[in-house]
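Quick heads-up: structures coming right below.
Two complexes are shown next, each including subunit A; its partner changes from subunit B in the first to subunit C in the second.
And then the complex of A and B:
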């Protein structure tokens, strides 16, 4: 008989201890977690970066990753683009009664592997179980702390003439998830880009003040993130459509579903604004790592239309890219 | 404007439909054509989106204007119909199966749509095809799955196939709320209206795959309006614009099929036969265009058990909606989205008042998302 999560696993009693001791502790062994107190006591006396994120992706397993990998990458990437070196993560599960233990083990293994690859430790956590029908199998929350290595990043550093860099292809994650969700085009080869970006970010930290701002364009895609960079300010971002890397399979799938890759979430890409004179150096640094192999300079900062993001289409037209509104709905025909 | 080398109908296949040099040449030729204004209408939401996405309006000279016609099936669905859909969503035994962009269409109460009803407990599932809804019915015995059948001749055959499939599987829990529409009566109504001022049509390639070149022949035969059946790539659309301008300038209206890689002269007789078998034409209400004879499709009596209107006593035809928005004028091409007083202020993709803003294919959504700058 298949082992499943029952309400008991969230009771805080024996079953909860069993879950922690048999599945969680062996995966994340370290002194801070091993104390099994309510919170982790951390060493260090420097400026910290702290972030949290919740993960409710459906389906839980998708080409290129799963909710576990995503939950580590998401917070690691948030810390990294904030100028931090990620160090410690918290991990909270909300499990639905009936969730297969086997799936939980797979997710935990993925969390362990991803955390190890990022050099972060899972130092505290929590588990709740909700009644069947009250959840979606599993929800995960992670919070993370990092040491601040690159202070001063922010949109206030942006100047006219700066270059806009993207570390790889746009729109891979949400396209992969959407295709997996609906069982569409399973042979299409669209894979989520879900990956940690701490090394890529650290490569860029060395540029100093020439590095203006970093962001990982998740929900809302690069169009929305770039809008956040310039909205209510004096600057314009002008993009060259042809320069934006998009995988042909992603472009094709988006075409069929009526989506736009520029509005699709990424889970393993960096957007960076860098001073013009350091743009080539930044590009070379990105491309020196596998996760930045497809990096490109996709546009520049001007003052043409303050607060706007403009896209020069590959056919010579220009259009405004607004922030994502609502969610992208598949269209009819 | 020279046309010799550009006027070989087979050229798209040979040259690739997004050959940028060719598109650039066509645009610069068009820029020389300043003898008169040209008002061209695309009659397909997918064209509207493609035009917006490539930034074509901004590339064309000011005297060539592209208007968005009644080609977005969601946009022409009246609020009165949505009111009936929302009423149906209150039935606890009903699962509504809908294409994605229908779920944000408001009824006559702004903000009241299927998305909201779903959050309040209504069962609404997004599907990609009518057959997905048949599967949903199969998996939910004891429930009534109602597929919201919207669209033109493009989606009608698929909807008909779903009904035939449900009959074959003896699925008593599958129904279709048939809101399907026919392109020809709408175009005729548009042309015969007093405020009609369109010089040429870009005809929808998808619909043409079903109804064929013949389905658009009346435009030139009866009304002497130039028309080009065209595909959805930048090269297709630019070519169609070029050809329309040439025909209008020369006073030689004709129907030309640019989309020969998909559209046969006779269309798809097999698909039409299935449509014929399941549906019959009926009087229907279009948002913005009003009531037109034979402009909609109704499920034939033989398949009445699948007709949600009969099974659930719905009366989608009874009232025409008043929302205060100008979608009607926008659909007829007599007003630009930007000229509507609600556009971008009260009516946004987040909180759409009119259906032209709801659907990704709507003229207003396209104008909002891909708004062009006058620079």
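And then the complex of A and C:
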């Protein structure tokens, strides 16, 4: 008989202990977690970065990843774009009664492998179980602590003439998830870009103050993140549509699905604003790593239309890119 | 028309910004959160404690608290029993489409008030929205960082003859929530003990190595937590049933509901193991604060039955208290 999650696993009693001891502890062995107390004791340093995300992606498994890998990458990437070296993660599950134990094991294995590949430790956690129909299989929250290595990143550093860099192709994650959700898994081989970006970020930290601001453009996509960079300020971001890398399969799938890659979530891309004189250096640094192989300079900072993001289209026109309105893609991450 | 949560609020676009700017930021103003980036930069110290919990309590509002207050107390208390001074919290919502905005505002206000009362700052957060029928109104995750003030707490410190202290009455939280769930709100005036325990813990930190281990007995109750203290080890905990404080209204409600207060979750009580010679001092310290007014010495450590918790009943018998089996009370926190 297939093993499934029952409400017992959330009771705090024997079944909860069993879940922790048989599935979670073996996956995430370390001294802090092994103490099995309510909190983890960690070695700290002078300045910390701290971030959290909950993950509700549907479907749970998609080409290029699953909710487990995503839940590690998401927080590792948030810590990285905040100027931190990711160190510790917390991990919390909300499981729906009836969820297959086998799926949980696969997800836990992904979490373990991804955390190991990033050098982060899962040091504390929690598991709750809700009744059938009150969840959707599994929701995951991670929170992360990193040590600050690149202080001062922020939109207040942006200056006229700065370059806008994107570390790779736009829209891969949303498109892969939407195709998987619609059962079109084989459609064109679109794969999520879900990957950790800590090494790519650290390559850029070395640029010092020439690195203005970093962000991973997830929900709302590149268009929304760039708007957040300049909104309510004196600067404009002018993008060159032709310079923005988009995989042909993603462009094709977006056409079919009625999506715009510039508003699609990425889960393995960095947007960076860099001073003009360091733009080529930043580009070379990105391209020196596999996760930045398709990096490109996609635009620059001006004062043409304060607070706006402008797109120079392939046809020679210019249009305003606003923030995402409405919910283009619910439960994409 | 009643304002409700729609999927738009989880899009990462304009509605998400609106939720953050109109409801969340005004509630939790601080510089780290105000930067509105993906992670918070924090001042750290040498050693940290880190903890997380997800909260799925049903109903969301109950006598003595709500899911918001609970989500702050839960993590503040986990940090406190880990020997930490709670400093920073992350806050993540999983909202169900259709959730009333008014309820969200009440919950956010509770989170703000409770965090303020504990001197902790909400410094980073996340909001996701799932479709109707894929959640249950609101689930909350908090993760917390504290500075380690009382190193070395742990079950390895326990010695024969040590005293077992409970900071107040048993079973208030579970009982209040179960009565509220059954629509028996007025039954006997049972109120959850949901409260922050950081000050009570800090009073005990001053005992130094005489303080062996601290825990807040939530899911699984006092019986389960005490089993965790001694399982697989050489010691026994012997409890005096008559010494364990239980409010008459809670005892009565437990009779009606078929619950055992020793297995009911508490959300505002500490269990402490203290060396025999400091037991009275520890008791006096607990009772010096309102949240410890009903504190009692409820048992002691022996070697009578290694790894077991024994209860000497009011009738003169002795029975073994095992860990909770099954799920006495799903979604109690």
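Heads up, the rule we're going with is that the second predicted complex is superposed on the first by the 325 of 333 C-alpha atoms of A that agree within 3 Å, B and C clash if a C-alpha of one lies under 4 Å from a C-alpha of the other, contacts with A are read in each partner's own complex, and residues count from 1 in each chain.
Throughout what follows, contacts are C-beta pairs under 8 Å (C-beta built on N, C-alpha and C of every residue); 3 or more make two chains touch, one makes a residue touch a chain.
Remember, it's a predicted structure, so these values are computed and weren't measured experimentally.
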With both structures superposed, pick whichever of subunit B and subunit C touches the larger number of subunit A residues. C
Thinking of the overlay built on chain A, is A:116 touched by subunit B (first), by subunit C (second), by both, or by neither? neither
One more residue to check, A:29. First (subunit B), second (subunit C), both or neither? neither
Is A:258 in contact with subunit B, with subunit C, with both, or with neither (first, second, both, neither)? first
After superposition on the shared chain, which partner residues are touched by A:280: those of subunit B (first), subunit C (second), both, or neither? neither
First, second, both or neither for A:288, with subunit B first and subunit C second: neither
Just subunit B (first), just subunit C (second), both, or neither: which does A:124 touch? second
Once the structures are superposed on A, label A:18 by its partner contacts, choosing first (subunit B), second (subunit C), both or neither. neither
Shared subunit A contacts, counted only where both subunit B and subunit C touch the same residue: 325-326, 328-331
Would you tell me which residues of subunit B are touching subunit A in their complex? 20, 23-24, 27, 45-46, 49, 52-59, 73-74, 99-104, 126, 128, 150-151, 154-155, 206, 234, 238, 348-350, 359-361, 368-373, 375
Of all residues in subunit A, which touch subunit B in the complex? 182, 184, 258, 260, 304-305, 310-320, 322, 325-326, 328-333
Touching residues (chain side subunit C, partner subunit A) in the complex: 6-17, 35-56, 77-79, 81-84, 88, 90-94, 123-126, 128-131, 133-136, 139, 141, 143-146, 148, 151, 154, 215-216, 218-220, 224, 228, 265, 323-331
